[in-house]
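Structures given as structure tokens follow.
Common to both upcoming complexes is subunit A, partnered first by subunit B, then by subunit C.
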Partner chain A sequence: MDAVTLREEIERIDTLPTIPSILQKLLKVIGNPKVPLSEISDCILGDPALTSRVLKMVNSPIYGFPGRISSVTQALILLGLNVVRGMLLGVSVFEAMEKAMVGLWKHSLGCAVTARIIAKKKNLREPEEISVAALLHDIGKVVLSLKFPKEYKKARADTEQQGLFIFEAEKNHFNITHADAGAWIAQRWNFPKNLIETIKYHHKPHLSKYFPVEAATVHLSDILVRAIGFGFAGDNFVPPINPSAWEILKMNNSTIKEILKEMEESLEEAEDILVIPNE
Partner chain B sequence: MPRVPVDKLKPGMKLAKPVTNPSGMTLLGEGTELTDELIERLNNMNITSVHIEGASKPQKPKEELLAELDARFEKTKDKPYMSTLKKLVREHIEDLYK
Partner chain C sequence: MNNSKTIVIITKDNTLADIINRTLSDTYSVSFFQNIQSSFDFIYNSMANLLILDINPDDTLTNNLLKGMKSDPIFCQLPVLAVVDENSAPPEWQHLPIEDYIWKSTLEKEILIKANLCILRSERVVDINPLTRLPGNVTIIKQIQQRLDNNEVFALAYTDVDHFKPFNDKYGFSRGDEILKMLGRLILNNVKEAQPHSSFVGHIGGDDFVFIMDVNLIEDTAKTIISYFDKIVPTFYDAEDKIKGYIESTDREGNKKAFPIVTLSIGIAHNKYRKFSHYGEMAEVASEMKKYAKTFKESSYTIDLRKTTDEST
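Here is the complex of A and B:
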């Protein structure tokens, strides 16, 4: 399959019959950047399970308001439309995968927590937006797996049998990687430019034209989360850090150690999001 | 901090972390000492486990964690900054066992 056809296939993901109707409805709403807040909150509130997941998420260490947000409306006002749209996409798409990709969900939550820690340390603007970009950086893996389940399973098997990184195995099977697929879908759903670029360049932050700091933050989060072995991103190896990311973020040994320490505390709390509440 | 299932809780245990409802709102604060009544209430709230101060940590032995760390870095240990990063994570793991 050539890249153009592949892209078209991926962009039609929301018409897949295997996607739950609530997700289809939600995708329609969040795909429209001009959608009024009230419509999003109505959509969330129409589903009690989704409401409780959203509240759990916004009260987690991924965002800066632990235990303080009690309503969906309040969450929308405090976090802003882009962050909530991104979070909804993450929650709903990963939920659609159910148990099949729980390791990836855990990896993504870990990255969201870590990106926030780095963003805070480096005094970056909009830590919530960077955190959402980290949450969604691997969305392409879910999309590929939803759209081409058999082929993606083979790619995953290759990582073990041939000792490959998941992006190498994806390249062999699809000629593209999850970073491309993720950026296409983010574009299709009208996500803001910073999000699209960060997803696209989370393995090559030096190529990001407008958001190299954001891309470097997500890149480093990805590597740190894999380095400590939290979650499962598709293979068992830590990918190489792009040296420019270290330099863009002006990292040094003592800062890394501080970040690792803070991760230890927050990751455990973030794990609670994976526990599906009894409804 | 270790999680203890609600059916294994005993009065006198102290919460190492706040207990929150599914929406993340705090129900019981950190440091709360559990009583029979509170344990009963946790049971009724569909909460499965809570963090307790000082309970023994059900963790893998340090050697196992360090062996897994070696395996994860196998493909990239010679790349720029990767040996530094690995060393820092190793030190971090060792600190957890102090």
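Here is the complex of A and C:
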């Protein structure tokens, strides 16, 4: 399949299915009028599919400011809880997703938590936005496996049999990687530029023209979360940190150690989100 | 008839769906859904022109969800055409936000005509600001005057965006409009969240918005609106200006000057301590308060605390 057809196929995806446990939790939270907005947004931020859904909606031309909002809290304020409630009722739940992809959800959540830690440590602006970018960085994997389930399964099998990284296997099968697929869908959904670029360059932050710091933060989070073994990102290896990321973020070994320490505590808390409430 | 117009049809009845599809799909782009829940994602992401709803008067969930959707000014313009079964009792119309109906038995013959008419009627201009879809001047005046005539105690707020002109000069009107649309949403959602009933939000035009609330709720809401506005508005600037914290633009005399990031000023008048009989008097006090709020550098609100109708401050 050539790139144009591939892109058209991918852009035809309307929404991503979410995993049932998070939706259950969220419906409980949002049903209670006393719950503060921050708790609702935390809950949404536990799931890449719901987060992308909310951002897609607030950036749709209907509301009149496409490509501006990359924070979930701001999206909730501008959409209004009424719209968000309505949206949640129509969310499709994909049971199989949990089996095939739960490792990826966990990996994404881990990256979101880690990116926030790095952003705060480095005093970057808008830590929530960087955290959202980290949460969504692998959305292309979901898109590819939903749209081309058989082919993607083969790619995943190749990572084991041939000892490839998942993006190498994707390249062999699709001629693109999940980073490209993710950026395409993010663009199609009018996501702000910072999100599109970060998703696109999360392996190669130095290529990002406007948001290299954000891309490097997500890249570093990705590798650290894999190294710790939190969740599953499609292959069993830990790729090396791209040297440009060290330079862009001006990292050294002692800062990394501090970050790893903070990660341990925060990731434990994050794991609670993935547990089904009544189990 | 324009092909790009979209009709959303909600029905579980396949025969009905077939008839509608056959009669409408040549003229309109049609999307079918089994229930209203699953249609929201479509409706909230792509403006539809008409909603055809196979109605069941006993289905309170659907009816409540429909009400919820129509309470949002962006979607209250979306006309709803109900398909009614003549064998069951007609629904209680006063509780349903529905614009028109059609009998099931005459569906095949009339649905196209009804759909055309519903859409045309919804496009006729009403008192709605085209930018934000909030009610305009006529409604605003009516809302204020009615409350005064009924001797209700209430608070009226006027808002204004400071340094808005240089923003428009630098980035162009379409980006300025984006800020206004954002502000409209922000005011609406916060006012309705804090006081779902008998509150009101209107858009006079430009950067002038109005909202009406209970006196004891309005100050907190004004504070919240201001804090969210300050958080969100930088995303409407280019990255380098956002970092700098100001833009360079020309002032009214044509001199190059630095202008800060836009801020929000809110002026509030209320009739708890003084009496107004005409909307104009109250509007004047609110706008006077707004001018006072504008003298502060940062986003702020000011509320009128004067007790009598005389001019001592």
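Note that in this section the second predicted complex is superposed on the first by the 196 of 279 C-alpha atoms of A that agree within 3 Å, B and C clash if a C-alpha of one lies under 4 Å from a C-alpha of the other, contacts with A are read in each partner's own complex, and residues count from 1 in each chain.
Criterion: contacts are C-beta pairs under 8 Å (C-beta built on N, C-alpha and C of every residue); 3 or more make two chains touch, one makes a residue touch a chain.
Small disclaimer: the values here were computed from a predicted structure and weren't measured.
Visitor: Once the shared chain is lined up, is A:Thr15 touching subunit B (first), subunit C (second), both, or neither of them?
Guide: In the superposition, A:Thr15 touches subunit C alone.
Visitor: For A:Gln161, is the partner it touches subunit B (first), subunit C (second), both, or none of the two (neither)?
Guide: Neither partner.
Visitor: Applying the touch criterion given at the start, work out whether A:Asn123 contacts subunit B, subunit C, both or neither, answering first, second, both or neither.
Guide: neither
Visitor: Return the chain, subunit B or subunit C, that is in touch with more residues of subunit A.
Guide: Subunit A has more residues touched by B than by the other partner.
Visitor: Scan A:Arg226 for contacts with subunit B and subunit C and give back first, second, both or neither.
Guide: first
Visitor: Under the stated touch criterion, which partner chain does A:Phe237 make contact with: subunit B (first), subunit C (second), both, or neither?
Guide: Only subunit B; A:Phe237 stays clear of subunit C.
Visitor: Return first, second, both or neither, reflecting whether A:Thr5 touches subunit B, subunit C, both chains, or no partner chain.
Guide: neither
Visitor: One more residue to check, A:Tyr63. First (subunit B), second (subunit C), both or neither?
Guide: The answer is second: A:Tyr63 touches subunit C but not subunit B.
Visitor: Going by the contact definition given at the top, which residues of subunit A touch subunit B in one complex and subunit C in the other?
Guide: Shared contact residues on subunit A: 56-57, 60, 69-70.
Visitor: Which stretch or stretches of subunit C touch subunit A in the complex?
Guide: Contact set of subunit C toward subunit A: 37-41, 44-47, 65, 68-69, 71-72, 74, 131-132, 177-179, 181-182, 185-186, 188-190, 192-193, 228, 231-232, 235-236, 239, 243.
Visitor: Within their complex, state which residues of subunit B touch subunit A.
Guide: 1, 17-18, 20, 22-26, 46, 48, 65, 68-69, 71-76, 79-82, 84-86, 88-89, 91-92, 96
Visitor: Considering the complex alone, what residue numbers of subunit A touch subunit C?
Guide: 14-15, 53, 56-57, 60, 62-65, 68-70, 74, 77-83, 85-87, 89-91, 125, 192, 210
Visitor: Which residues of subunit A touch subunit B in the complex?
Guide: Residue list for subunit A touching subunit B: 51-52, 55-60, 66-67, 69-70, 163, 165, 223, 226-229, 236-241, 243, 246, 253, 256-257, 260-261, 264, 268-269, 272, 275, 277-278.
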